[in-house]
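Two complexes follow with subunit A in common, the first pairing it with subunit B and the second with subunit C.
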Partner chain A sequence: MTTRRQFFGYAGAAAAGAAATGGAVVALDNDTAEAPVSRTISPYGEHQAGIARAAPAVAELVSFKLGTDRAGLGRLMRLWTSDIIALADGRAAPGDTAPELAVANKSLTVTVGFGPRVFELTGQRPPGLDDLPVMKHDRLQPAWSGGDLLVMVGADDAVSVVHAVRRLIADAKPFATPIWRQTGFWDSTGPDGKPVTGRNLFGQVDGTGNPAFGTPEFDQTVWSADGPDWFRGGTTLVVRRIRLNLDTWDELTRSEQERAVGRKLSTGAPLTGTAEHDELDLEARDADGRPVIAQNAHARLSHHSENDGRRIFRKGLNYVHDTGATRESGLIFLSHQADVAGQFLPLLARLDAVDALNEWTTTIGSAVFALPPGFQPGEWLGQKLLT
Partner chain B sequence: MKTKLLAAAAVVTFLVSSCGSTEKPAAQVAAVTTPGVLVEDAWVRATTGAKDTTMTAAFLSLTNPGDTDVKLTSATSPVAGVVQLHEMAMQDGKMVMREKSGGITVPAASHAHLSPGGDHIMLMSLKRPLNPGDEVPLTLKFSDNTTHDLKVPVKAFTEEEEHYHTK
Partner chain C sequence: MTTRRQFFGYAGAAAAGAAATGGAVVALDNDTAEAPVSRTISPYGEHQAGIARAAPAVAELVSFKLGTDRAGLGRLMRLWTSDIIALADGRAAPGDTAPELAVANKSLTVTVGFGPRVFELTGQRPPGLDDLPVMKHDRLQPAWSGGDLLVMVGADDAVSVVHAVRRLIADAKPFATPIWRQTGFWDSTGPDGKPVTGRNLFGQVDGTGNPAFGTPEFDQTVWSADGPDWFRGGTTLVVRRIRLNLDTWDELTRSEQERAVGRKLSTGAPLTGTAEHDELDLEARDADGRPVIAQNAHARLSHHSENDGRRIFRKGLNYVHDTGATRESGLIFLSHQADVAGQFLPLLARLDAVDALNEWTTTIGSAVFALPPGFQPGEWLGQKLLT
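Presenting the complex of A and B:
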């Protein structure tokens, strides 16, 4: 969408066009006057702007405990909406104490979600939106779990992310208090500059099975169509903080690592194929008659054909958490689906029961949120729920 | 250029006026031949912690997509007994705050930024303290006879505080 900003700009955003050349356009030849590519993502739309796109290079998630009533939540949503519009545009949010840190062309998105307790204030709970039951392999820590309100900021650059988060937390102070914060990173750009699926810290290509953007499968998987009217165009988000035991993973041979997932490390192709997006051949057997993709391989267990067609749209953010010289590594697992109980929970239960990867992964945090639909100019986030 | 400006005005982003009389779907705005001033990023500074909790200021950004200058001529709010348009100016070698006679001009095809340390809307004789998280109704009147009814968030802020304590 072309906004008025692109014609008028602010004095503070005047350098935005020039700054864009630092990103997608690599101008090796200074004589070539290439038009700068805008990496500004419009905050407006039927859906919140950060959802139907690849994981951001840098992201921070903040979960809040709500300390206000329904009317207060409405004021916060109006406040955040105007902050989000300004930040996405690369200008300072109203009242910003460090306005120079608001920079344009950083692919900045802000995604907001409501935890299950919000619907005790508002009613109209999306069906299936409940905290997940604790799984057998879970070692959940309260410090990484739950929350009434989620804000997730993503951008090309960490400075923009932490600045936006700081502003959003400051403005939320009268209404809500952070209870956990998680920062992650993802590389979804190949060496040739083209989009790739990206890899987790095990080295696996992670997210191949996702429905493709803009397809009916994607829309049916992600966007709510059957829930309450206010939630039409919304989605749910499951956030799982998964600790990866890199030490024991590194003790495996490559073929052991590949068997656990059912995919090749080099390309992400299924063990029965040659290219990343080749369909899995779940019937294929090796010379000894064993399935090529093992019965407990992650790719088999999570495949939609093995789950009554249930799908999710998942993203990952790698994380590291340092305490002195000790590093914990892991994955912030993000799963979008129209209905948590209908789509995600059966899959989770199945993986928890038998997934080979469970040996090297431990979920230490879990939270569930309903992400309201997007907003258009003149509207605000969650308006239909809160008015 | 004018066509471009009008086209741009059709997709304006004025959230702050969402509750006001100027709220219109984009398509309706496009039908207006002389688009009024657009209001964005409005906020009011909280009085929490201030020495004088009977006055504060409102800040916002005004954009004039038209080809003639427009002035912000006055503002009113039910939370304040007196509302004035103020400027910061050098007087006898000292920066002082004073009423801006004639209002605040929003130049054609340009902006006026009301911000701390610059032009602002002064809310005086406040009827109650304003806390972060509150919302304050504010009505702006412009020289082209348009009116904007806003619902403005109250935010905490400390910079420039001394300006609003000196008369």
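Presenting the complex of A and C:
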């Protein structure tokens, strides 16, 4: 790790810019190489800073049960906002007992969300924001489900994440108690050092269908424009903990695996194409007249053209969970959309009904949060909702 | 993560070189910037490749119970050696069911060790290699202790680690069964992108006292020269899982914390100095005549001048372990030395007897392994012991 990180300060910011605009190839030019630049991500903006970017290398999500009233929630949001400003900048938050673990240039972001029950206190519920219905294939465990508040901390390295989470939980103590915490990881750098979509633990390229950062399509998919005023520029986040049965998946041949997904394992290209971002040809048929991308293939079912144009912005975090020497592997599925009921639920229902992947995946946790818009200096998270 | 990793291919190898030679500051010159260079670490060499370098960003250690005889162990070592060669190079090992998760340029290393019981099968036990005695402060749990075989996989990112571990466990199946697995992380890059020693979750700079890579002192400390012939160029590894009581530690003032360690929290400098690598002045006294570095300060007790010049090469990996919403934090303490009994045990006994830190730390796991020397193309790990 030492060996990896020493160039962040020199070359990281240009890379970060490229990734945030959709993963263009970055050439290391002399200007960037010579000037130390910052990997610190500003916490300020129209939207919360962690959303419109690739999945972080390391992330932790903590869900809380709220034990306070509307005014107490406001106090917590003011406190967390000041924590977030400090932590993002690599400074210790007030009261930090291990201030040296706050380090700049680690791409640290903190994202905060409100669970459905919060709106019983506050009113002004975003349209379509409610607990997801339990799907036929769901095997939900309370230990990984629900919650009134979410913090998701992402960063380049785990020490920064663990430290920030500890601070945020400590400051929440009078107001809210953790009910679950999930840690995940994602690798979105290819062997040549260039950004890639990344793979889940089945080995699949995962997230190809996303709208590109910075496009009107991305903005329309993710940011709320029609909800209550306080929620303009906010979004929602669905968190689903999906156990992957690697043992039975591995019993398949590669072509069986590719048929279930509708994409090639090697490149993530659709079975009708040659490159990852080739458009799916959902009409294409093989010599026997069968669809090349099967009717129950995951890529077909989740494609926006099959969902009345509805899209989502997907991220994944791989997880492993050990019980003694036994390891469970899975995916923390994250989906951003302006409207859960309008964009996500129809897709979820389709996938639950017929997705070929259901045979090797089991959703064991589920939660939904409304993520307030970002804040500017002097403002705080959720201010318009809570004042 | 995308944002962080895209320059590895361009700039990483120079950085890796600097870190491996002790953490010199690396300037990004145009030559390095223009030529894509490799972060792949060769698995070949006089010593196993993962040892004489800083702690990896992510690592997993798996301890196995051996269920085969000497010949079976030899077969497993041949198999693991070919796995290691492929994985280090970012190629899928034979039989890999998720070959695309093998990615080059991730600084992947695999280190293999033999527990004390192996030498009941093979003879030729390295001198001083045996289970550690149980210390007065130990609260060892079988779930984190012992084992006949160790693999430790380290890399820049968790996907590579998880994938490699899965492959190695699968190939061990006929021969050995995992009994524990521990995952840890370490951050050895400062906010300016330069290598640093890194900190544990108490916030302490941890590992300052190590001999510098590439020095005769390092080589004498780590590599066996006197043991059985097969073990020349090998080393031993002590793995201790140390639970840190962050809550009670945090109740101390900073000066109480610094007194327990004997170093400043801000820089890691000894209380008698100003810079991290300043030599400790163990004779210095304050105005009241008391030692500036207390008699029971960790830095004094672990200093080689207090241990008849005996040294060790320490690495740490931070860990967190969640049970529901409750988190345990700690340190996977790793110590390399040529001779456990000669170098490590006297130090351990001193620390157990009087180390001020014992009040906030509890060792809950302990294991010892002999790490065979490295291998060249055509050779395999442990070949001289097992043929």
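In this text, the second predicted complex is superposed on the first by the 353 of 387 C-alpha atoms of A that agree within 3 Å, B and C clash if a C-alpha of one lies under 4 Å from a C-alpha of the other, contacts with A are read in each partner's own complex, and residues count from 1 in each chain.
Keep in mind that, in the parts below, a contact is a pair of C-beta atoms (placed from the backbone, for glycine too) under 8 Å apart; a residue touches a chain by one contact, two chains touch by 3 or more.
Keep in mind that this is a model prediction, so the values were computed, not measured.
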| item | value |
| --- | --- |
| Which of subunit B and subunit C A:97 touches, first, second, both or neither | both |
| Touched partner set for A:105, first subunit B, second subunit C, both or neither | second |
| First (subunit B), second (subunit C), both or neither touched by A:81 | first |
| Contacts of A:284 with subunit B and subunit C, given as first, second, both or neither | neither |
| Which partner reaches more residues of subunit A (counting touched residues only), subunit B or subunit C | C |
| Which of subunit B and subunit C A:187 touches, first, second, both or neither | second |
| Which superposed partner A:250 touches (first subunit B, second subunit C, both, neither) | second |
| Which superposed partner A:134 touches (first subunit B, second subunit C, both, neither) | neither |
| Overlap of subunit C and subunit B interfaces on subunit A (superposed complexes) | 1-8, 10-11, 97 |
| Sites on subunit C touched by subunit A in the complex | 1-12, 15-16, 18-20, 23, 26, 28, 30, 33-34, 36, 39, 53-58, 90, 97-101, 103-107, 143, 156-160, 162-163, 166, 177-181, 183, 185-196, 198-199, 201-203, 246, 249-250, 265-266, 318, 320, 322, 324-325, 327, 329 |
| Touching residues (chain side subunit A, partner subunit B) in the complex | 1-8, 10-11, 44, 68, 72, 75-76, 78-79, 81-82, 85-86, 91, 93-95, 97, 170-171, 173-175, 376-380 |
| List of subunit B residues in touch with subunit A within their complex | 4-5, 7-9, 11-18, 23-26, 38, 40-43, 45, 59-61, 63, 65, 109-111, 113, 131-135, 151, 153, 155-159 |
